[in-house]
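The first chain written gets the first letter, and so on, giving A, B, C and D; residue counts start at 1 in each chain.
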């Protein structure tokens, strides 16, 4: 894969943003390999993502960031530039259910997902062998239901020590404390096993069975303090029938969960997800 | 289409139901053209639908019903037998939005939906020309927001006078009073423009836009006293993106709404929907 | 809907195209409401579509075209600029099956599709009443199987006289002669009732039934001399089962056909479809 | 999971089949847990699948088969009865691409697929470690392109020795010789990476890219002598765009392939697939 610089930005919309950005790139000989933009008429905000062939620019990443900074400042941009050849560091967290974890590990192992996975953290020891077969350290951090704070302190320490760029809750069944959520805004990704906002909270498939819905779904979202209410990255559904008991929904839902989580994580790793308020712009 | 008797039943599950029913049919020479059954392990209830080639039985519908009654009684069945050649009478109700109405009228006109449509009732006069082109009487029954009871009294009178088998709320935007709901259990079908239970009530597409969901949907259900909470017949969804404003969702949602409503109504007309509690068994 | 100029172009890819185009727009105060681009690494061709708020430019359409021409020439662009407030003229052609025609007429009537429909042409008289109810002239042009050339001469004359921008074959079951195809490149849209390239030619649902496929589909494409082989605009499928006979596939397929055709036509009307070779770039 | 006897049959359609079968079951006290039937009006053939709670019958499997044999004979049935508690033996074959293999191994490991996997056979050694981690023997049987017969002789020997009930070609990229196909009718399952009959043969994603289709798919089918032409068990598709190169289609297609293969294999393992001619009845 060709090395690219990925420029991602948002700012108040006004005339001349695209011209200024594309001039900057072409004046240095940069070749635009991909570009997307979006103007939100409701909020008046402008969003843009540009992939530039790194070899066509006479800049290191740091030099490019420095050169672009004045433009960013003049348009009051929230922005970042990333190097596609630098893998993001993804800490995975799981509990006992292995389907999302196994799926992400496979996509990592087969190089479909371009990232590093410096460790897996779990409150149980069940999935150690599967993880270690992939050559990834496994940290079993038990939870004491009477006092969960030591667990979360240790989790926080590991995330820090491993310098995670992003944390993925791959069916990790604990609710993160607010301070942990706040420390990593838009950097913790969860998969919830329902089509949110329906069936937030516990046992969504049982809730779905009780209500008699004809489709079940899954939602990949950024974690915020509000349980199952953070910005949605992706969702999908699958059809069920009156024959399906909650345990059938669990089985059918697993395929939706892992597909939606893998897709959402991929988009995050490729800097395709921009958050504004409680919503996302996804340049997929 | 070959004429068929449709036997639909539910009863407490026990050994021998299928044998008894199929013996009854074959002992009279009846040929089973289609059959479905379902045992619900949660409620212990058994559901069955059988289509019998009418020409192979030596019975009129009334004779068949009389002959089957003792079996039904011995198994404590809720049951009915219908003649596929007798079209159900469908009263359509609409307001100003025409997409669901136009779709059902087209499917009726093109003989895709086998039914009679004795009249259309609306609280506005906008859709008269479209309806009357199909040769169907149009009743404009205005609503006085200060006192809706005359409207509903007239609606009730029309439903009665036209001997409706089923009433379809094709984006009829008024909430039916409880007594009207009670009078026609499992005979009033509504289309709600969201994937219930998400976004019940008013302006679901605006609710969906505010929440930032990535799919929007529609739900076809029987009307009960509890708003948007009756037994679900069918649901479907379509993908949206950050580019879609509420008005785009309205446009994209229309196709889902009309498809789901037409499918649900078709199943109802073919006696494929069995209600138990607040859920449906759909032998589609 | 805000009035917009739609600039659509393709040219050999090289550094500076986006910069030059966006500079041109912003230097005249133009506000970019939407933009898409695509670089095809296989062919080395660049594709772009920009929507500019017309009110922000000091140009009429003709002035804008004149002002942009030198840039277009310097990059060897295939290009056009359209005014979103000018409806394209769509001539519909049909035979006896009405589902696609009725669907397009409804979307036109309800203002979902922004276009003019100056006339409908058919080789049968069956659909006259439906068309005329919409206030659209209906031309019945019979086909003599022994000599179809008078039919096509008259069809060609009508297309010309009505100054069609685009012709839609809404289940018009005749094969157009090559000279007619050549006269309107990328301006004749057909709906084929299979998921091409499977089941090209006659009776695709019967072919699908014989092969025992588990999904059936429809394909919206531009018409070329090669039957069912032109550039594909959109496709979709729906699930079937062993229970479905060819006549059931016909019924289920109708919903796919009309959805795919309406979507493809909408994209064409909004200048979202760019053809290159035998393939399309669709900025949907 | 409750132990069940699964009776699967097909025979010429006539009056009384269901009555005879259900009488037989209920006269011995058998409780029907699930049942499906299908009458094909084109071929005049009747298909049925019944699940009976084993504990409610006073029979071993062999006794049940013996007791049912006279009924089967009198209706000229093709039939079998299986015990749901006996896992089928599935020999997996793969080449270098691991996605389908890894997916099936995971579903086996997590007990989602109820079967035995006595061995994996591959013409390369690449996937040994992944397979052996699951505790399954791995046989590397190289192919000599100049003479493939020793390879297939060894493959045949292994299938025999391991007493395979079914062989799954999980992206095994060799064409089986006719005699091997004939030896295991409806017992060799292949996944083809296109929506058949489109793009049979080699490099289907490249064929799809060349044609410019808007959806790509996968097909799970029984292997016959005719390449990619056997009875289809399941198919599915996913949407692509002009941005997707063949390598993107390969990536996106992998998820469809593994989902379709796993679903098809599951149905086969549960005796839900009945073959008649070149088509399948799937009681899913």
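Heads up, the rule we're going with is that a contact is a pair of C-beta atoms (placed from the backbone, for glycine too) under 8 Å apart; a residue touches a chain by one contact, two chains touch by 3 or more.
Which protein is which chain? UniProt says A, B, C, D = Formyltetrahydrofolate deformylase.
Note that the coordinates shown come from a computational prediction; the quantities given were computed from them, not determined experimentally.
*Asks:* Count the touching C-beta pairs: is A-B or A-C ahead?
*Replies:* Most contacts of the two pairs: A-B.
*Asks:* Where centres are the averaged C-alpha coordinates, which chain has the largest centre distance to subunit B?
*Replies:* A
*Asks:* Among the listed pairs B-C, C-D or B-D, choose the one whose interface is a repeat of A-D, with over half of the contact pairs the same by residue number.
*Replies:* Equivalent chain pair to A-D in B-C, C-D or B-D: B-C.
*Asks:* Roughly how far is subunit A from subunit C, centre to centre by C-alpha average, rounded to an integer in Å?
*Replies:* 37
*Asks:* Quick one: report the Å distance separating subunit A from subunit B, using the average Cα coordinate of each chain.
*Replies:* About 41 Å separates the centre of subunit A from that of subunit B.
*Asks:* Tell me, which residues of subunit D touch at least two other chains?
*Replies:* Residues of subunit D touching two or more partner chains: there are none.
*Asks:* Where on subunit A is subunit B touching in the complex?
*Replies:* Against subunit B, subunit A makes touches at 38, 40-42, 195-199, 211-215, 217, 231-237, 241-243, 245, 278-282.
*Asks:* Touching subunit A in the complex: which residues of subunit C?
*Replies:* 15-16, 18-20, 22-23, 25-27, 29-37, 39, 56
*Asks:* What residues on subunit A touch subunit D, complex-wise?
*Replies:* Subunit A residues touching subunit D: 98-99, 102-103, 106, 110, 112, 129, 133, 251, 254-255, 259.
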